[in-house]
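The first chain written gets the first letter, and so on, giving A, B and C; residue counts start at 1 in each chain.
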Amino acid sequence: MRVSRRVLLGCAVVAGMSAGLTSMLSTAAVAWEPKKPIEFVIMAGQGGGADKMARLMQTVVEKNGWASKPLTPINKPGGSGAEALIHLNGKAKSDPDHTIMVTLNSFYTTPLRQPNLKIDIATFTPIARMAEDTFLLWVHKDSGIKNVDDFVAKAKAAGSDWIMAGTGKLQEDQLLTDFLNASYGLNMKYVPYKGGGTVAKQLAGKHANSTVNNPSEQEGFYKAGDTVPLAAFTDKRINIFPDAPTFKELGKDFVYLMQRSVVGAPGMSDEAAAYYQALFQKVFESPEWQDYRNKRALQGAFLSGSELKDYWMVERDNHRAMLQKMGAL
Amino acid sequence: MRRAELTTAILLAVFSIYLMWKSAELPIGWIPDEGPGGGAFSFWLAAVMLGSCIWIIINWFRRSSPPSQSSEPFMDSFAIKKFVLVGSGVTVMIGLIHVLGVFGALPIFIIYYVRFLGRHSWTTTLAIALAAPVIVFFFFDVALRIIMPKGYLEFLFLPLYDIFL
Amino acid sequence: MEILQHLFDGFLIAFQPLNIGLVVLGVIVGLFIGAMPGLGSVNGVAILVPMTFLVPPTAAIIFLAAIYYGAMYGGAISSVMLGIPGASTAVATTFDGRPLALKGLADKALLGAAVASFFGGTLSVILFTGFAPPLADVALSFGDPEIFALMLLAFATFVGLGGDDIPKTIFSIAIGLVLSSVGFDYISGEPRLLLFGLDGFLNQINFLVLAIGIYGIGEMLWTIEVSRGDSMMSKAVITVDRMWGNAKELLGTWKVAVTSSLLGFFVGILPAAGATPGSLMAYGVAKMTHKNSENFGKGEVAGVVAPEAANNAASTGSMLPMLTLGIPGSPTTAILLGAMVIWGITPGPTLFVDQPELVWGLTASLYVANLFALLANVFMIPIFLWVLRMPFTILAPVIFVLSVIGGYAATLRLFDVWLMLIFGVGGYLLRKLDYPLAPAVLAIVLGPIAEPKLRQSLIISDGDISIFITRPISGTITVIALLLILLPLFKLIRDRLRQKASSTA
């Protein structure tokens, strides 16, 4: 036993000495660099919207060789992101400099809804806001609905037989559904599904009457002419859907966006935070990311540092208010 | 075997009751217009588990299932010895992963098993004990980028990361 | 004939040096990843996505599809050789593959798996080539009640899988289903069954954790006890004659292969279902209809052919809704979909028109990947047998190590490795008392699909359970499923009555 360990250690040490020396000499004067593979936690499951974006970011970094150590994606969807948040919180003490995470709006809602997790998102290190995804109200083409007035008329007539498919209970889609129910006097029935892609399919297969999908989720069906966007939950019209007015234009002052941000573990050193901020700024400015943003009509400028933290705090308050209104807190 | 059958059934029945109690943290009834609540599925299935356990216990009294008729011991001394030696080996290996990481725990387990349980020569033992971590490192960490836990030995790998990743 | 023209163009693309090279490379990489317990096609495809940026999109998707195929073939290798399903899709392959290997007939099982995979893969690629768009519409017409009915059918086909002890079989199914509901309940938005207050249970229990625990650790503990220190595991020696005999025997299973492929393909194209239920159902159906049905589970080659034909057929099938609808039919296709988005391709109904080169190049490559995977598998059988001839005291620790590493790689959580150990030890002890374990594994795979579909259907129908009967498709499937479940019960009651009659007489 002793022999094998010694040999193993010996190998590592010899290899380490030579490589370590050269790398130390070359990087000693330069800013902070990751020393080991960077854990790239994804707060959602494989194949979903957040996962796709995370893998695109990883690909851009790898393709351009911008990071000296690889980003290794790890999906932690458990507990609507609770598992991911606990994981990052746990890294605060052990190794905060090599763990970053792609987040969405469950970053606000999960700690609010599960206070026993003792997660304070204000302690997390702001790295970069890469985009804000938009939401639209969608119906099937065969329903004959052309605008929000038609929609309201039909949905009112159907009462609780009108099925709105969305992602899990008390997540983004239900916040929007509740808004529609409240402001148009509707009584739509909300049916939760696992992810946005499944939701989009429910509409295309006419198993649901309407959805509030992101553009990327409905894109294929929209292009094939199966589904129609009626209105957008944005500030201004979305350029790829010029015919869909915003709810603001329709007299309802309601804007709701989904953040696509990168956060670091709590307690990350300033040097490491600066490194990741610079890295993701490069990713943000890369032609691939810009192209992706344009095609999917993503909004939201690049935010970082204290600006990003301020944005989180505002959004957290908004979500708290919305959840309180729904009686979920 | 008879005693083991009864003990197991009772333990599983207790576990079923725990699962039922835990499921009941969410609504287990029928919510009007919505169907079963969040805990209903697991609650009633745990109830089915409990029912099966009771059925097994009844069969035990009636001596109608093979284990409840068997007079053989549940585990003879050979089985117990092997179970303890192998089982504790695997348990210690997993425990060691927390401390020494995969690359420390693996060789120790292999030496324990191949040399002391299997009685193979030191040459064979060491060949496997050395080859295993090297293959795992290159297959998982390097080729697939699945970073194995390193425990307190992580510092040894920093230079290896510089070379291979 | 337009299709043949397209396909011919596709083959021209597939046979470009870069593409054919990537097919070969992808299949080999996939074989290794698939053969590793814990790693399946999902991991293989996910891990290699960033590397595909170096080649054009068509070549990239061909590469990923080849990995997908290779991994599907590879899953069978670890099922047969180690008795651990390499991926959820290969669970059913262990049921007969493992007994065959223990009898020294691993070569027969491996050949059966390879040929059946080839058959299933090829048949479904043909179906794919001919009927992609209309089948996509069928897939869309399956709503929640239909999928739930289908899951009911999957359970029904497995009624016969349990042991002779009825309460223990029921227990096994129930515990599998309860364990499958651990984790976050997205329908009510609440954490569920946070056992003993451990954070690790915030997440669903991964099927692989249970499967590797039971089939890896539990099975090894069992074998160590049963072998009583006998150091050899298998004494199989391969000869040309023997392979020839195997091949002839396989010809007899063509009916099983055809039905399983069709079943697998159909289940595969349904979004949300995927290859695992497909292969489980194919095994169940084969067991019910085969003339040697009592041999199933004891080493019947048809029991290897059925799930392998079905899972490969299903993996092609699940690419269909992805390409035509942009909906992934399985986790692997979800990653493929993400990759296509990265390359700037939008899958969906218009893909066949917008990107004929990609679609048909991919289709043609699937034929090529299938053929190559078959050849690679057949030629590697002697190597696998050599591994199996190693002394058990070397093989056993290697399998334990593979289980632990694989269990970690599947979810990247040490918590799950501990859970796996508990399942393994528990499974071993329960097995000694005649508790059947396969139903629990089956249940943990199907439970997470069945339960939400049940509840979604009931939300839609305002809690009215007649929704499963009144809709034509789900009604038909539900009735078949209920008949299948009740049939053995009737038989049992009849037998009991007869017994009583004869004993009183």
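We take it that a residue touches a chain if its C-beta (ideal position, glycine included) is under 8 Å from a C-beta of that chain, and two chains touch if they have at least 3 such contacts.
This one's a predicted model, so the numbers in the text were calculated from it and none came from an experiment.
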{"item": "Chain nearest the global centroid, as defined over all protein CA atoms shown", "value": "C"}
{"item": "Furthest chain, CA centroid comparison against subunit A", "value": "B"}
{"item": "Centre-of-Cα separation between subunit C and subunit B, whole angstrom", "value": "22"}
{"item": "Geometric centre distance via CA averages, subunit B-subunit A, whole Å", "value": "35"}
{"item": "Rounded Å distance between subunit A and subunit C, as computed from the means of their C-alpha atoms", "value": "31"}
{"item": "Multi-partner residues of subunit A (each touching 2 or more other chains)", "value": "160"}
{"item": "Subunit B: positions in contact with at least two other chains", "value": "33, 145-146"}
{"item": "Two or more partner chains touched - positions in subunit C", "value": "187-188, 412, 459, 462"}
{"item": "Interfacial residue positions of subunit B with respect to subunit A in the complex", "value": "33, 103-104, 107-108, 111, 126, 129-130, 133, 145-147, 154, 156-163, 165"}
{"item": "Interfacial residue positions of subunit C with respect to subunit B in the complex", "value": "32-33, 36, 39, 43, 47, 165-168, 170-171, 174-175, 177-178, 181-182, 185, 187-188, 190, 192-195, 217, 220-221, 224-225, 228-229, 391, 393-394, 396-398, 400-401, 404-405, 408-409, 412, 414, 417-418, 421, 424-425, 428-430, 432-434, 451, 454-455, 457-459, 462-463"}
{"item": "Complex interface listing, subunit B residues touching subunit C", "value": "1, 4-5, 8, 12, 19, 22-23, 25-27, 30-39, 41-42, 45-46, 48-49, 51-53, 55-56, 59, 65-67, 74-75, 78-79, 82-83, 86-87, 89-91, 93-94, 97-98, 102, 106, 109-110, 113-114, 117-120, 124, 128, 132, 136, 139-140, 144-146, 148-149"}
{"item": "Subunit C to subunit A touching residues, read off their complex", "value": "42, 46, 49-50, 53-54, 140-144, 183-184, 186-189, 191, 199, 202-204, 271-272, 325-328, 331, 334-335, 337-339, 341-342, 344, 346-351, 412, 452, 456, 459-460, 462"}
{"item": "Subunit C contact footprint on subunit A (complex, rising order)", "value": "46-48, 51-52, 55-56, 58-59, 62-63, 73-74, 76-80, 82-83, 86, 113-114, 160, 163, 167-171, 189, 191-194, 197-198, 200-202, 204-205, 207, 216, 219-221, 223-224, 226, 291-292, 295, 328"}
